[in-house]
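We call the chains A, B, C and D, going by the order they appear; numbering starts again at 1 in every chain.
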Amino acid sequence: MLAELEVIPVGTNSASISGLLAQVATLIDQSGLDYRVGPMGTVVEGDWDRVMNLAKQCHQAMLQSAARVMTTIRIDDRKDKPGTGRIIQKVQSLEAKVGKPLKK
Amino acid sequence: MLAELEVIPVGTNSASISGLLAQVATLIDQSGLDYRVGPMGTVVEGDWDRVMNLAKQCHQAMLQSAARVMTTIRIDDRKDKPGTGRIIQKVQSLEAKVGKPLKK
Amino acid sequence: MLAELEVIPVGTNSASISGLLAQVATLIDQSGLDYRVGPMGTVVEGDWDRVMNLAKQCHQAMLQSAARVMTTIRIDDRKDKPGTGRIIQKVQSLEAKVGKPLKK
Amino acid sequence: MLAELEVIPVGTNSASISGLLAQVATLIDQSGLDYRVGPMGTVVEGDWDRVMNLAKQCHQAMLQSAARVMTTIRIDDRKDKPGTGRIIQKVQSLEAKVGKPLKK
């Protein structure tokens, strides 16, 4: 399955939070799951337990740095498409239907 | 912590999905966690593992009925406010600040 | 259509933001649109332009108080069910399918 | 500001919806706004009115093809960083803090 993770600290002194988000990005990068970083969150691919274990790690790490954390997890799961690779195939399939390359 | 769960089946032929959502609502109602149903999802209160175990049950139950499921989990967690009761207190606190009762 | 609005300020020093959210709740309460406040956001009902005009007001009001604002708008729209009332009917329909009252 | 758009049709016969999403992607590609397609949605950059006008076009186009549409718009807006370019800078800033390139 695919899951987009967004972890937002609330009550930080600064509106710049990339230093805090770097912890989360490092955990995802070291998780062994395939992922793609985007401007509004990171999409990871894996089975429920591995993805949610990673989401918990990211959420708990942020709670070390901020008193309040808002985490959003958006999941797209298809039983007719088991296995991995959808993290790449979804965009490829979209480009095929549009008939031209899209900005990625 | 608080978590809003929304579980959407895709590819169901009909746009009416309350029959499928009833399975999810029943699982939440029987979970033992405190919850509030709203027009766009259900908020549950509990620790990470219990909430996520319930989210997994709901997601997997929907996958029995639909080939594709989009689940969104939005979490609000405060280490400065441990314990339960925030599911009621957040709206009460908002009403106190607004200075009047709100539609609930 | 139904739309859930959540407006989160980032970089506010304090993790307690209900004072800031009260501004948003007041705007929604005064908008004339039907709404329901919940523990994780407020659902409003109306056509696209009125709902989005209200969302803009709420977002801009929060930007007066915080340097950075994360706003989430989740929309559920059915052309086979025009008109209003779904803000109540969705939960009623769910309870009818579950066969018992749910916590609201 | 940045906004992630996700437009999901409900009640389609098939769980495969990339044909329907291609309409949305084409509208975004032709909008003149900068954007990045990802596996779980598309992020666009622009001011409130231009972004929301595009979101409305995408949502209405999908309503031509499906009786029910669930659209999610997640906004990240900073008054301390006006102008455009954050769609690229956020990921660059994250990589600088992590100290290595990330998968994009």
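Please note the rule applied: contacts are C-beta pairs under 8 Å (C-beta built on N, C-alpha and C of every residue); 3 or more make two chains touch, one makes a residue touch a chain.
Just so we're clear, the structure is a prediction, and the values are computed from it rather than from any experiment.
**Student:** Could you run down the chains that neighbour chain A and chain B together?
**Tutor:** Intersection of chain A and chain B contact lists gives C, D.
**Student:** B-C versus A-C: which has more C-beta pairs touching?
**Tutor:** Result of the comparison of A-C and B-C: B-C.
**Student:** Express in whole angstrom the distance between the two chain centres, defined as the mean CA positions of chain B and chain C.
**Tutor:** 15
**Student:** Averaging over Cα atoms per chain, report the distance between chain C and chain D in Å.
**Tutor:** Here chain C and chain D have centroids separated by 21 Å.
**Student:** Would you mind pulling out the distance in Å between where the CA atoms of chain A average out and where those of chain C do?
**Tutor:** 25
**Student:** By residue number and range, which residues of chain D touch two or more other chains?
**Tutor:** In chain D, residues 15, 67-68, 70, 72, 74, 76, 78, 80 touch at least two other chains, as defined above.
**Student:** Provide the residue numbers of chain A that touch chain D in the complex, in ascending order.
**Tutor:** Where chain A meets chain D, its residues are 2, 4, 6, 15, 18-19, 21-22, 25-26, 29, 34-41, 43, 72, 74, 76, 78, 80, 86-88, 90-91, 93-94, 96-98, 100, 102-104.
**Student:** Report the residues of chain C in contact with chain D in the complex, numbered from low to high.
**Tutor:** Interface residues on chain C, with respect to chain D: 48, 52, 56, 59-60, 63, 67-80.
**Student:** So in the complex, the part of chain B that touches chain D is made up of which residues?
**Tutor:** 8-17, 66-68, 70, 72
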